[in-house]
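Each chain gets a letter, A, B, C, D and E, in the order it is written, and its residues are counted from 1.
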Amino acid sequence: MISTIDSTHLLTWITLSPLLGVLAILFTPRDKADVIKTLAAAFTGIPLVLAVWMYVKFDQSLPGYQLFDDFAWVEAFNIRYTVGVDGLSSPLVLLTSILMFFAVFSSWNTEKGVKGYFMLLLLLEVGVNGVFVSLDFFLFYVYWELMLLPMYFLIGIWGGPRREYAAIKFFLYTLAGSVLMLVAMIAMYLHSGATAAERTFSLITLAQRGQDGLFANGPMLFGMEFRHWLFLFLFIGFAIKIPVFPFHTWLPDAHVEAPTAISVVLAGILLKLGGYGLMRMNMSIFPDVMWDGSGPTAWATGIAFLGMVNCVYGAFVAMAQTDMKKLVAYSSVAHMGFVLLGLAAMNQNGIAGANLQLFNHGTSSAMLFLLVGVIYDRAHHREIARFGGLASHLPMYASLAFLGIFTSLGLPGLAGFWGEALSLIGAYQHFPKIVLASTIGLIVTAAFFLMMIRKVFFGPKKEIYAGYPDLTLREWACLTPFGVLCILLGVAPFLLSDWMKPSIDALASLFGVKS
Amino acid sequence: MDFFDDGTPGWYALAILLLPLAGFCFNAFTYRTEFTRKRGHIVPLLTIGTALFCALSIFKHSVIDYDADHAGGHGTHAAAAHGAPADGSADEHASGGADGEHGAARAAGSLADPRWRWSSKDHGGSYRLIDTGALRLDAGIAIDHLTATMLVVVTLVAFLVHLYSTSYMHGDKRYSRFFAFLQLFSFSMLGLILTDNLLLLFCFWELVGLCSYFLIGFWFENEDPPKASMKAFMTNRFGDAGFLVGILLVYRMFGTTDLSEIYSKMQAVAEGSAAVPSLFGWETGTLLTVAGLCLFMGPMAKSAQVPMHIWLPDAMAGPTPVSALIHAATMVAAGVYMVGRIYFFFTPDCLAFIAGIGTVTALLAATIGLVHNNIKKVLAYSTCSQLGYMMLSLGVGGYSAGLFHLYTHAFFKACLFLGAGSVIHSVHTEDMREMGGLKEKMPVTYRTMLIATLALAGVPFFSGAFSKEMIVEHALVWGFGANVAKLLPALIAIGGGGLTFFYMMRLINLTFFGQPRDHHKFDHAHESPPAMTIPLLVLAFLSLFSVGWPIPLFGGKKLPELLAPPPALASIALGHDEHHGHAGFALAFAVLVISCAVLWVGYVLYKRTYKERRPGPEVWVARFGGLYTTVTNLYYFDEFYRATVVRLGNATARVLAIVDSKVLDAAVNGVGAVGQLVGKAFALFDRLVVDGLVNLWWHLSHAISKKLRRIQTGNLQDYLAFAVGGMALVTLLFLFLA
Amino acid sequence: MDHLAGYVFIGAAMFVLGVFTMVTRRNAIYVLMGAELILNAAALNFVAFARHLGNRLDGQMFAIFIVILAAAEAAVALGIVLQIHHHFPSIDVSKPDRLGD
Amino acid sequence: MNLKDYVQDLSRLWPEIILSVTALLALVCDLLMKGKETRVTGWVTAIGVLFTLGWVCRDFGDADGTRMFGMMVNDRFAMFFKLLITSGLLVVTLLSLFFRGLQKDGVGEYYSILVIAAVGACFMVSTDNLLLLFLALETLSISSYALAGFLKRDLRSAEASMKYLVFGALSSGAMVYGFSLLYGFAGSLELPQIAATVRTLLHGSGHGLDAAGIGCAVAVVLSLAGFGYKVAAFPFHFWSPDVYEGAPTPVTTFLAVVSKVASFGMILRFFGGIPHGAEGSAPLATVIAAIAVCSMTFGNLAAMLQENTKRLLAYSSIAHSGYLLAGVAALVAPGAAGAVAGGDAHGHGVAAALSAGLSGGQAVTFYAAAYLLMNLGAFAVVIYLSNRFGAETVSGLAGLGWKAPIACGTLVLFLLSLTGIPPTVGFVGKWYLLQPIWSKGLHWLAVALVLNSIVSLFYYFRLARSLFLKGEAEALASPRKNAFGAEIATIAVALAVGTVWFGVSLSWLADLVLSIRI
Amino acid sequence: MDSFSFWFFGGCALVGATLVALMPRLVHSAFSLVLALIGVAGLYWGLGADFLGGVQLLVYVGGITILFIYGIMLTPRDATRTKLTALLFPGLIAVVPVAVMLHLAWQGLAVAFHAPAELAEPQPTVDAIGRAFLTRDQYLIPFELASLVLLAALVGAVFLARRRKES
């Protein structure tokens, strides 16, 4: 099963090196803020460099996992420390490393509790990268939960006025999802073999056995099949993270209250975990729940429907927002709908679309949140109605904002388009009506973003914003990479899609797609 | 790879595409330098000029040279084009000349596209954008006569507009940015023309929309441009959503978005060797029609067809060169171009719909043009109307006529807009009521505009006349022998000519003739500098002898003949391939006569109204007051949207009250208001219901918590009693289980 | 089985009366007496069962230890009651209600 | 009478003996010190307890399941729980040393009673005889009554001890009455025999319980009243919030942690014999599960609005009793341990060859250990905060996180662990618990358990919120001097390290627990 | 054992216990408790538990009751009077379910209690108990543990009852 162990332990280093940063910062005196920040930058830089190296080392022509690291953790329960990446997870690892590195820079101005802030940020990176590389469910779950606490405090301490509410809401929602996942994990473990020796947490083995129909012959529980329960529990766990209507209300609160860098991380990475989990768990282990051999089941249709609801509902709600950050937050809800649609399609196009959307939304939403942060730093408010004419005052800022916004609304030629288009194309094969309804979301998304542009950037100059400096060097440095990515992945989406393709083919082949 | 080999259009095509992009990048990245700020036009002029040169080369190479070599080779070869040998010279390529609308293909007895076509993919020249396994998106370049001609038109107009703008935009604080956007637009528009993939076409389609958005909103400090730009983008977004759904349908049917592959798949369907997978249980015909209609949603918005035309007049808030380039000559014509590009795909029902939409647009927009006082808006409605003509033509089967009109129109309408720009530049107003008598002061502008006007009106021997008459002929051929309703397009096309003449003469009259009505402005008026007049002259020249018609300049063929239609595969597939009669000479002559008569009527009306003032326009207004009001209010389209969506009771009364103040914003506000309303409702739902449920659960558990705490009274004996009760309860549970 | 029912009945009655006393009487001494009744009921049961299981010793031993523990408990109880009496000048068990929600 | 047997048995009893001697030493030491240097007594006690702890560790491997003194078992289970008890006692002793309230008189009495209580606890977990079990339990209880009232100046302490006493008298009275009935049913005081009887009578397969079964059920219910009281399970928990609040905090710690852990050891002893192969008692499992669910739900809901930190932890410990009882329910439920849910009916031959998975008893054992670690830690920090800042309410903690980041940071970690979030030992405990619960088919119980942990998050993180999320401005005045801040913080950090260490490096712990047969 | 002594002592126990529960005056209740305890002691004898009966008399009647009476002296007279009727309702609520439970238990016992066919005459137990207390595998450990309990109780009680040294 695991043929080659990566002798450099690259993934382990990527995952755990920020932990060294945590320790380093822990023993740095509290008043040496600059040292702490530099340390944080260094220890998010290391994973970034390593992730780039991983990109180089990764053999894009192979399906399946690579760069394994594997050793026994708890032998009694067959828990192993197994990490490895495939075409679905490795781009997200890279994305995480990039975003985290720039998150450190964008929070350079933090003054309150610097030490704690950066320690938590580094801890967060451990959790996120850990989830992406874990190939053992137990390990996955540990990392999954590891993210909660840093996030809680990052929002709760360094957030906006309603931070306490937002933080606990985030925590509760996510925990609610993950405990169901825990139940599913245990049930799967217990069902995975007849004897303790046969049972496993290995995602590879679980997927193998799941595809062989292991979970299909579970008992009926409360009138529903065993595998359906498992699927449902896992789905809810991931749906909350994505977030899927109606589990989404933590998102606007958390995004709005979080400090800029944390919003970036939230939108850029944390939402991706849900989509990733759906692929890694629900689709890989329970393909027969979504696909009955000839067509999508009611479950898949339901997921597609939820995706549509997300698109439309998220967009409409975004339209009613008066706060820029909230608008962007709800736009994320709309965008993640496409991920659901694409995944529900279960074909190459759909899955590729969903994955591209995951990555690209990571860059574009990160950029938008950074941009909102930039203007918030200057104006100390985010009321759309109170802005106006910023394009004349801050032309550079406006240009980058346009780039971000148009990427986000899916303008062809920019990164955001491919995910949406491919998701729709993929989903259209099975759910034409649902896709038709989703196009409303496309239109409304454009509407609210343009409305924002009109009210914030266009219009007559306003004197109060006259003295505002345009982007500083640091802000440039934070924004430019994302802008470059938005364009680059717009004109060269194959950079991503080729990387993912073998894995996507493998996943799609579970659903009757011959590659 | 032989893509870059000498003698192929590959290099040129790539240069055409990438040079403007390079220009854009240059201007964008050197935004802060002194050079770009002051001389931001130099690089763009160079790039677009080179592009023009390349376009002409391609045109010469692929059209003139080629057709000269193959003058006799009608319809003999065909699909060989796709298997062209490695040397890539065009010699191997086959050409199907146009001897009639469907003739070539049928004569050959084959459904292969008989027309000349050069595809970069045959020469290894493609750029793989993405490959998911199911969908492989190779960006390639496909050039045929349609493309080659279109390239020339676009680069030429773009070059002239660039040139014109150096003067018109002189001194604007965002001078270099203006050129950057022009460049970006040129890139997108040329990409739209060159691409061989429907999905990529859609990409460029949206990109031109984006450029349009930014250029309309160029003066975003003012009140109107931002609104207008947003309105334009949103209206187009509606159309694009339909377009996208159409692409989805196409992909679902054929599993590809590559145009030539779609063609060959359609071909298989037409030959009966393949079937279209069904959807919703529809038959192939319905499916194709629906797909066609969805695809047509895009052109409908982009080419400002009723009822999605509302954005175009508003778009005049942008700088005038932009109006000339984007909203008259090129982008709005992209819809027509696209219909032409996938013409084989449209079923007869679909085409009839297109014809109907075109007809309605042609008539409505022309009537609005009659009464508007804003010079640019008159031209805008005129554009609408002419685009209607083109659609009408395509719809009735006049493929080459419609596209030919596209080319002629591009030149004279650009000329008109640039002329209007010249006037506006001079008198600083767009309201024709404040102009008048400028004939003497602006002789070049006046003369060029007059020529363009005559061309537009279709006065014989001006370019417009040729294309228009072809349209009318086709409409008549289409309508004859069918029921009366099918004759309507032809009748309106003929009648529209008179209207056109009337409103254009009115424009010229109000602007250039008579006494100056605003002396202050008149005194400041002056002829524009050469940078502005030269483009006018060039365009006027082209309007005069529009691209050489009727001289067979191009390899022994006249221009429209180059634009041979593809086989109507959809119709063939559905067995609807009725063969329309040819427009014989008699018909052509009849049309000419009728058109002239109508023009005469138009002219007489104009003369009586404006020259002799018996009765003057006021009387007309008085006599047809209701009609006039309706027309001046643009047929209440904006209001219709607003009224229907916001449900404001008695629409008419209401509209009359608000009309002048808020006309511009109406539709966007209307649709926007509904969106906002729905958004607010959803947001409320979000807060009250979704969040509310969570909070309810919250409060509930708090309430329970409070109640639960009550039993912790602090009184020891209560505790004891509870414990005893608890024991009893547990026993009870056991009994229950027993 | 020779009065076993009788012993068990007496034991049960004492248990019930003990519970009754503990739950209803508010004076701490009453409550403690109720506790003694309960313990005696249990002890009586043990001894009766031991006898009827065949003169077994274990039941009796249990009863002996119950007595021992009752004594120990009573001693501590008295100490606590004194404390209560000191702090709340009464030995009413419902008086101390500072703690509670 | 064989002297060798005596000596051999005695040699296995060294921990208890050392503890008893320590109790006496404490008294003597206090007398010698004449009430002056009170801390010497504490240190003496601590050293004695530490010595015991070492002895337990030393003997751990020798535990081979032999019986000693006719009514005790020297097995790993007992050893493990003794380990827990003594290490818990050690921490409690240290905390008592540093607790401000216990610095004056009665120190010798305090320590000796505390240690005697622990001796009772040790016997409680190592006996398989009903009589010794009762005696040991009463040793623990009676000592605890006295301990709860040890703050003689504080009327709340007196009230707490009285409530504890009276409630305890009723519950243990009911329990011993239940024992007498069980004696009647089983005709024996040996736990295995009693368990066998209960299993037979409460089998409840198909046609429900017969009259004997119902009678036996009543006996079990009466016994459960005593056990429930000891572990503060609903509806026998009523004493616990009041007592926890009123008693001196180290005593509260002792009650909440050591006493409760030992009681669960006893419960496992009591019910551990019921499952036999795939047999068990479904009705009993359901009843225990119901009690478990009620406990956790009640505890968590009631804790939501608590202001007093000790009270909050009291309710939290009620909830944790619920979790542990859920494991007990899984223990007594029929079905082979570690069996796949419904596996018998389906392919893969699941039912056929089952190696022993994790049993409910092992899960509870492990969770008890986890509970010990994290709750000791939480109480340590509570003592710390009350010592240094006088903060005893949730709102009183506002902003203290910034004044004492290390201690408060560890508190957050303990709260995390109590909620059951990795990488802490609490999570591993939950995970252990859920396995047998699910595999025995108590799916609803598993779901109830995890849903409850969400509710618990809310009030646990009220503490965290108060500590860190509230502004610094609200923090109290400067910390007190001589508050033993560093000492308690060290204890807390040590426990925190343990909490994380066992949460991450679980391999040997897993092996250890799996080696315990229950 | 003959019926008379069973009925007599059983009656003592029952009546005593009832009076404990119901007597309005504390002193009366305390003496009723003595009556009940003596009744139980008598029953023990009847059951052949001679040593236990003695212990019962010594420890309970002699020790515990004295403790209680000492406690009674602490309380003001008027505070000890309680209206019986006030107790009945809450009392019954608590007692009836318990009584039902015990009834059920008895019904179960009646089925499940396995008595030997013939009961042997009880033997004196003092000697056996004495030996059992000190035999390794019998009651040595409880015996020793009991000493610890008593020690703890003693120490605790003394500490709690003791007057504070400093005021």
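Just so it is clear, a residue touches a chain if its C-beta (ideal position, glycine included) is under 8 Å from a C-beta of that chain, and two chains touch if they have at least 3 such contacts.
Only a predicted model underlies this, so the values are computations on that prediction, with no experimental measurement involved.
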Intersection of the contact lists for subunit B and subunit D: A, C, E
Chain centroid nearest the full-protein CA centroid: A
Reference subunit C; chain at largest CA-centroid distance: B
Centroid comparison with subunit E (C-alpha atoms), farthest chain: B
Chain-chain pair with the highest tally of contacting C-beta pairs: C-E
Centroid distance [mean C-alpha coordinates] between subunit E and subunit D, Å: 31
Euclidean distance of C-alpha centroids - subunit A vs subunit B, Å: 38
Chain centre separation (subunit A, subunit E; CA means) in Å: 69
Subunit A-subunit C separation of Cα centroids, rounded to whole Å: 64
Subunit A, residues touching no fewer than two other chains: none
Multi-partner residues of subunit C (at least 2 other chains): 8, 15, 18-19, 22-24, 26, 28, 32, 43, 49-50, 53, 61, 65, 69, 72-73, 76, 79-81, 83, 93, 96-101
For subunit B, residues contacting two or more additional chains: 709, 712, 714, 716, 720-721, 724-725, 727, 731, 735
Touching pairs - complete list by chain label: A-B, A-D, B-C, B-D, B-E, C-D, C-E, D-E
Touching residues on subunit B, where the partner in the complex is subunit A: 28, 128-135, 199, 202-207, 210, 213-214, 217, 220-223, 225-227, 229-230, 233-234, 237-238, 241, 244-245, 247-249, 251-252, 279-280, 671-672, 675-676, 678-684, 686, 690-691, 693-694
Touching residues on subunit C, where the partner in the complex is subunit E: 1-10, 12-21, 23-30, 32-34, 36-37, 40, 43-44, 47-55, 57, 60-61, 63-65, 67-76, 78-83, 85, 90-92
Residues of subunit C touching subunit D in the complex: 8, 11, 15, 18-19, 22, 28, 31-32, 35, 38-39, 41-43, 45-46, 49-50, 53, 58-59, 61-62, 65-66, 69, 72-73, 76-77, 79-81, 83-84, 86-88, 93, 96-101
Residues of subunit A defined as touching subunit B within the complex: 169, 245-246, 248-249, 313, 315-321, 347-349, 352-353, 389, 391-392, 399, 402, 406, 411-413, 417-418, 421-422, 424-426, 428-429, 432, 435-436, 439-440, 442-444, 446-448, 450-451, 453-454, 457-461, 491-494, 497-498, 501, 504-505, 508, 513, 515
Touching residues on subunit C, where the partner in the complex is subunit B: 19, 22-24, 26, 93-94, 96-101
